[in-house]
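Before anything else, here's the structure in question.
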Amino acid sequence: MTDKLTRRQVAWRLAQDIQDGMYVNLGIGMPELVANYIPGDREIVFHSENGILGMGPEPRDNEADYDLINAGKKPVTMLPGGSFFHHADSFGMVRGGHIDICVLGAFQVSSAGDLANWSTGGGGVPAVGGAMDLAVGARRVFVMTDHNTKTGEAKLVRECSYPLTGLGVVSTVYTDLAVVDVTDRGLTVREKVDGLSFDELQSRTDAELLGRETCGVLNSPEVG
Amino acid sequence: MIDKTVASLHEAVSVVRDGDCVLISGFGESGNPTELVHALIDHGARDLTVVNNNAGNGNVGLAALLESGNVARIVCSFPRSTASHVFDEMYKAGRLELEVVPQGTLAERIRAAGAGIGGFYSRTTIGTPLAEGKQRRVYNGEEFVLEDPLHADVALIKAELADRWGNLTYRLAARNFGPIMCTAATTTIVQARKIVPLGDIPPEAVVTPGIFVDRVVEVPNPVSEREMIENGVHYLGGRKP
Amino acid sequence: MTDKLTRRQVAWRLAQDIQDGMYVNLGIGMPELVANYIPGDREIVFHSENGILGMGPEPRDNEADYDLINAGKKPVTMLPGGSFFHHADSFGMVRGGHIDICVLGAFQVSSAGDLANWSTGGGGVPAVGGAMDLAVGARRVFVMTDHNTKTGEAKLVRECSYPLTGLGVVSTVYTDLAVVDVTDRGLTVREKVDGLSFDELQSRTDAELLGRETCGVLNSPEVG
Amino acid sequence: MIDKTVASLHEAVSVVRDGDCVLISGFGESGNPTELVHALIDHGARDLTVVNNNAGNGNVGLAALLESGNVARIVCSFPRSTASHVFDEMYKAGRLELEVVPQGTLAERIRAAGAGIGGFYSRTTIGTPLAEGKQRRVYNGEEFVLEDPLHADVALIKAELADRWGNLTYRLAARNFGPIMCTAATTTIVQARKIVPLGDIPPEAVVTPGIFVDRVVEVPNPVSEREMIENGVHYLGGRKP
């Protein structure tokens, strides 16, 4: 069994693709890890859809202020140059195409870049939050996810079976096994972890994968 | 003379009537007008529609309002949370109607109501179940759905500073839904941490101009819903004073 | 010939109908006179559509600041409690029904309260400004105008012949001869200047006037 | 590192290309980016569409840009003024296409473009010649017309303070069209009276967040178009430096 990347390693790998000066929205949960691995020479402005630009790191415990929280409702800090604005202005930024990259989790991503990440379609309480706005609004949507579910099912699928969050919105998927770009021809593997054959990767994937000849090695250092 | 300040929370919410649609500011712990919501429970208006990003936590604030049985319908973007048991149970029991609206669409619908916009087109929800039944428009080669404004009878808002004209500022990210909700209700009721003399808020620093505000009550030390939940507080509602 | 009111007297009369605490937009030109005649015990908040609430009186000459101008592009001052906001927010206030009273000039007002005040329909350069927004948005539109044009034509007409600014938007017309309310039944004279018979007023008016039995005297003091 | 400041007006406007749609901030004397407009004349891009509330005064700023012959079309709410002779003559001579848009609709169309709104419904113009040909909607018993967003390639904006991230404040009522125009252009170019260190503008005081701004040039003592007109200044355009 090939070594999968840890979630932190996936976050590290994704962070390398965020360029200096970009405006980035990190979804709630796993995507929040990405902030820890931005290369030190890059200045990134983090957006939180509740109305913040320029979020800094978590506060020390005794400095938490619950009027200064991110979309995941966790206390954050402000960097010099940050700003506050109301919800309509914040989602104007999102829908208006001003956010360079949004990082989201996913239940499924299809060959066409369709994203399903808000509902597994069963009963329970429906809840969508800002995911649909971010999915259509961000210039690029990066998905960060395990390659397979805990029960081994593929998350990169020919067609999403779960209700969609957005249609053809995903640019790139970062999994614990591979970096996969959504292209006009379909899902193209850019990198895969060392020691994993293309056929093995395909066998763990429902969607057809392209890039057999061109894909490189997915390297990510041990990160804490 | 214009003086929008009122002496008590009870007086502030006395205008709310059975069947009203009530906007409630806040996102997570920040910007919740908890004291006004508790006063609304005490006031006792029934059959309310409430609009908030979430659906309450623990047994205080919005969750306590739901638990009071006075809410028939809730409009929100994300009702689920680790402490949303009041909502969860009522929803599953069919005792609460739910309209789920994407967060940005919710904000824009509220803003549209305040700005006299009779509907707008958004790409949000295209291709999703939430777009079903909505009117479409193709503009510049892209597909959009029509969304309606979301007008309300009352808005309950938490602010930082206020003056007697109703000008408001907000603290940090507690601004969230406050400025747009103030514009969209027939009667906007504000709890402010401090009421300052007219002119103390510089004209460039006013976030909500007083034109959008009807009543202001000072609540100098607002409670923390998070701390109340940690301490197991269960707001059951008092009597009208 | 009956004494007409001066423009300042019309402004005075109109000002008496603005209640304490109202948010008021005064159109460019003649309506601006109204600000001078608000009774001293009433606190009025004046809105200027370029992005001001809480305008005060004209500045002294050497204190004019051309970053602080009204919609007529004349220097103004700010009262304590005033605020600045951008154009979209300003017209959101207007369209959203937050302005209690807007005072506008008019070429014509019809029996149904239609307003024509932006174009006489001929050639020349079309220019509309904020008049159409104010006409539909303000809760009440007060029109301030001479009763007749300089050439004696009626301004209160059965149907406007000039291009409309707004449809059925006018609440009350304040002229140099009368105060006329737009009601469901038509134009109803509330007051007319002393010594002017109802028939004389009707003869100066194209639209049918109601209120013959009920109208009172239009009093306005000599004002400077 | 993010540094949106540029050293010269010439460099600031160098991105403008023939055929671009250019938003120009300002209302009356307040908020006009006169130095940027003059730099645009010098830059020489042709066949422009310009959007401003008015159509220029005297022979400076926007009027001088019209006079340069580089503008094919103007979108504004009120082109007439006592000193709009450049516009008047060109319009009457058929050398300038004009689209007149009500002021509030103009503002909202710009705001819609910046906020990803693919059209909105307004009651403004109902019953008037300006509503002709527009799609209608009846909502809540009232009639509305459909208005399109107004996207631009470039915005030229005058601000008060700026920092290297592009955060902006505005002076008094010079705010007018600035904040919305910043959001609606592919490239937003700002002249600020002062560029301050990052962090000098408190996060609550930022009016335009830097996300909407691409280039900032410091113009410490901006000219007054009014004074230039009083002094008979006629800006004829220089050469590219």
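As written, the chain order gives the labels A, B, C and D, with residue 1 at the start of each chain.
Basically, a contact is a pair of C-beta atoms (placed from the backbone, for glycine too) under 8 Å apart; a residue touches a chain by one contact, two chains touch by 3 or more.
In this text, all values refer to a predicted model and were calculated from it rather than measured experimentally.
Touching subunit A and subunit B together: D. More C-beta pairs touch across one of A-D and C-D than the other; that pair is C-D.
Once the centre of each chain is set as its mean CA position, subunit B and subunit D turn out to be 35 Å apart.
Centre-to-centre, using mean CA coordinates, subunit A is 56 Å away from subunit C. With centres taken as mean Cα positions, subunit D sits 30 Å from subunit C.
The multi-chain contact residues of subunit C, meaning those touching 2 or more other chains, are 84-85, 88, 91-92, 94-95, 137. Residue positions 108, 111, 115-117, 122-123, 170, 172, 203-204, 207 of subunit B are each in touch with at least two other chains. Contacting chain pairs (ordered by label): A-B, A-D, B-C, B-D, C-D. Subunit C meets subunit D in the complex at residues 48-52, 65-69, 73, 84-88, 90-92, 94-95, 114, 125-133, 136-137, 163-168.
Listing the residues of subunit B that touch subunit A in their complex gives 27-31, 53, 77-80, 84, 87-88, 91-92, 98, 100-108, 110-111, 122-130, 170-180, 207, 224, 226. Of all residues in subunit C, those touching subunit B in their complex are 20-21, 23, 43, 45, 47, 53-54, 78, 80-85, 88-89, 91-99, 137.
Chain contact summary for the complex, subunit B toward subunit D: residues 108, 112, 115-123, 137, 139-140, 142, 144, 148-149, 169-170, 172, 203-205, 207.
On the side of subunit B, the complex with subunit C involves touching residues 1-2, 111, 113-117, 163-165, 167, 183, 197-199, 203-204, 206, 209-212.
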